[in-house]
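Just so it is clear, A, B, C and D label the chains in written order, and each chain counts residues from 1 on its own.
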Amino acid sequence: MSERTQQVSLQAQGLTKAFGEHYALIELDVAWYQGEVCALLGPNGAGKSTLLNLLSTLQAATEGEILLKGKKLTRQSAAELRKEIGFVGHQTMIYGALTAFENLEFFAELYDCWPAELSQKEHQAWLLDQLEQVGLKPAAHRLASGFSRGMSQRLTLARALLPKPSVLLLDEPFTGLDRAGIQQVCELLIKAKARGATIILSSHDLETTQAISDRALILKAGRLQGLHTLDVGQDKGALLELYQGSVN
Amino acid sequence: MNHKDLESQSNASTKIPILWIILGALGMFLAHYLVFIYAPMETTMRAAQRIFYFHLPSAWLCYIGFIMCAGWSLRYLMTQNPKHDALALASAEVGLTFGVIVLTTGPLWARAAWGVWWKWEPRLTTMAILFLIFTCYWVIRSFGGDNAGVRRFGAVLAVLGAPNIFFVHVAVTRWRGDHPNNIGLEPEMRVVLYSCLLIFIILFSLLVRLRYRVHTEERTVSALSRRLSRIGG
Amino acid sequence: MSAQFWPCFKAILKKDLKIELRSKETLATVSLFGVVLTFLFAFGFMGDPATNLAVAPGVLWAALLFTGSLSVGRTFAREQENSAFTALALSPAPRSAILAAKVLVNIAVMLGVMLVITPLLAILMHIDLSTNLFALMSLITLSTVGFALVATPLAVMAVGARFPEVLLPMVVFPLVTPVMICGVRGSAALLGTSADLDYLAWTQMILAFDMMIGGGAFFLFDWMVSE
Amino acid sequence: MNRHPLNIIKLLSLLFIVLGLCLGGLTVSVAQAQDGSESVKPEAKLEAKPEAKPEAKPEAKPEAKPAQVDIRPNPKRAANKNFDSEKEERLENLRYKHLWIAYSLVWIIIFVFIRQTWQRSQAVSSRLEELKSRLIALEEKDK
């Protein structure tokens, strides 16, 4: 990543999370910058999901703190900072009994994120446009319970992107997507990145990850194993090498 | 949390309150003397009336234990300080113990006095419901595992349960409010009652402290073993 | 830049009602359960007219409690599908808005169920409710509100718990004892089987309970769901 | 004001709690006015004010029914009982039995509780000692 002068958007300081006597994450110190895509890599149980859960305010850290745009993420401030965070987890978090359109509409109302320049009547078109971007426009008025895993994943992504969050946390966003879907998601992510969003994603799809990531953060057993900058020109196996080198 | 923190934390709670134990033991002997020898025989209920010297202080302390539990739970909800939670749990447990005493001596007394084990009488009913609520609290805390969600759930239950009892009492009183309340205790009886109450208060605070000590130490142990597992890798 | 109460409240309410009206799943299953319960109670307690009159309030309120705990559990099971509640918890919506909307939805569902059960009970037990219909309705409504106010926050908290289906009734039933007593005594007074107090005093009592528990629940709710 | 909707909610909640308490107390006083001379009612009315504490108060007078007429030692009363001395004796035995059962139960309960607390605390302390020694050993090894 060349433009290191950019602002830090998200920061973890001594971040630790314990479940009972088991540590999922141990004293993690990392800073993430605006407009970067950071890949979270590591074997199963390395603490990737825990880290994302902590960053999303879903779980509270045992020790250490998180700074979002310089503000400490506490229980009090979380309410205000939540709007800045978009989260896509293992679960799709969508309502099966609503259509794709209604799902988005609900979250748009919840986040109150209608673009200011639009009138009430244009809201519908705007939502359809959002669905179009993830390739769901044809299925906009179908119940989400009938969606395939890939379609649900797209809808979830559309939901997370709706309020234009400055931090986007993605836990395995490519599961269930076909090649075209992955391509589409990548385009969306690059667009968000261009807007200045910080994107942190965990994935086992090393190839795709390398294609869009600026940095790779490698975790093992809750500890930081390495933080590598990826160059655009690197060949496809570079990330795999890094990964294997760090984990073994 | 570093080593020194752990040390000081555990030291603060490890001290066994010797003075209280001595006071409590002396108090027991005194209570026996007062209840069985000093107190005059009551005319209508005779010996069975002496149950009441244990029954009443236990009932009061049961209520106090539950109210303390609600208070500490509220503080825990606001501060998230695990010590407050340990205190809430300890007072609920001791309150429950006294509740068991109330609910066992009560029927025994009722049987001797009224010829029935149980009466749908406001105080009895209120006590029973309160006891149920806090038994739920205790069950949740014992079997729910030790995580923040369970603690918070218990705390909310305690906070909602304690004032709720006000309504139960008023409702039951209005429903079955045929209870004569005017009693006159003889001076000697009063002396016995209040000394018993004092002794039970000492016992109560002793038990709460001991229990609190156990809970904090258990937490220290889990924190320590967590630390060890972390150092050990 | 905290989100506002009303928009979020309306959004959640609209969503829940939409789902409910579309699938009618909760309403249908819980009403059916209520009907089954009413029939069973009627079999169990059926006697001469005087007995019927005496047991009817108890039956009605017992049915309210059972169907209530079922419907509260159901409305949250819906949120748990796909972990949708996580999304709600991660949104900037004020916690109190989530609670208020959920309480209202539960009240709506429970009232719908009571609308089915009450006439059925009247028919099965030969009781004439028409004379004091309004008073009885207000009593039932207030009891429902009380139940929802107690059960909903606890249900929200039990979402991630280990044994939610046992936990909820176990905890809620002792807590709603005042509602049970006041409702039963109040409706007994309405039906003329109880001489103790007039129903207005009991109604007022439930109202007091509702206000107090509701106040407590909303006061505490921020702290309840913090993770 | 609109910037902190939560605080308004909190204030409103408190208001509702107070209103509910007042209403609860009011109902009781209404009830009291309705049925007149119940000695329990005024007490309940008093309870409406302090929050959460009222339950302790009514316990103050637990003597209940047995003390119907007069509790003071009354020789006449004792004399009256002669006509049914056998029954009286059985009753007396019952009373003593109940007293002993109740008394022993009280101490058994307290004893069991203390014993359980003691056992737990022993277990915890031994574990604590073990962990501490392990920790110290580890720290020394690090140096």
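Here is the rule we use: contacts are C-beta pairs under 8 Å (C-beta built on N, C-alpha and C of every residue); 3 or more make two chains touch, one makes a residue touch a chain.
None of the values given here were measured: they were computed from a predicted structure.
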Report task. Mind listing the chains that sit against subunit A and also against subunit D? Result -> B, C
Report summary line: Per-chain C-alpha mean nearest global C-alpha mean belongs to chain C
Requested in this report: Could you tell me the distance, in whole angstrom, between the mean C-alpha positions of subunit B and subunit C?
Outcome: 32
**Report entry** Whole-Å separation of chain centres (CA-atom averages), subunit A against subunit C
**Finding:** 39
Requested in this report: Could you give the separation in Å between the centres of subunit C and subunit D, each centre being the mean of its C-alpha atoms?
Outcome: 30
Query - Between subunit B and subunit A, distance of the C-alpha-averaged centres to the nearest whole Å - result: 49
**Report entry** Per-residue multi-chain contacts in subunit D, two or more chains
**Finding:** 6, 21, 24, 27, 31
Query raised in the report: Where does subunit C touch two or more other chains at once, residue-wise?
Result: 2, 4, 94-95, 196-197, 201, 205, 208-209, 212-213, 216-217, 226-227
**Report entry** Overlap residues in subunit A, where contacts from two or more other chains coincide
**Finding:** 60, 79
Query raised in the report: Considering only which chains touch which, how would you classify the arrangement: line, ring, star, complete or other?
Result: other
Query - Pairs of chains satisfying the touch condition - result: A-B, A-C, B-C, B-D, C-D
Query raised in the report: What residues on subunit C touch subunit B, complex-wise?
Result: 150, 153-154, 157-158, 160-162, 167, 170-171, 174-175, 177-178, 181-182, 185, 196-197, 201, 205, 208-209, 212-213, 216-217, 220, 223-224, 226-227
Query raised in the report: Which part of subunit B faces subunit A closely enough to touch in the complex?
Result: 1, 146-148, 222, 225-226, 229-230, 233
**Report entry** Of all residues in subunit A, those that touch subunit C in their complex
**Finding:** 56-60, 75, 79-80, 82-83, 85, 87, 89, 91-98, 102, 106-107, 109-112, 152, 159
Query raised in the report: Which positions of subunit C touch subunit A when the two form their complex?
Result: 1-4, 7-8, 10-12, 14-15, 18-19, 22-23, 78, 81-84, 86-95, 226-227
Query raised in the report: Quick one: in the complex, what on subunit D touches subunit C?
Result: 2-6, 9-10, 12-24, 26-27, 30-31, 34-35
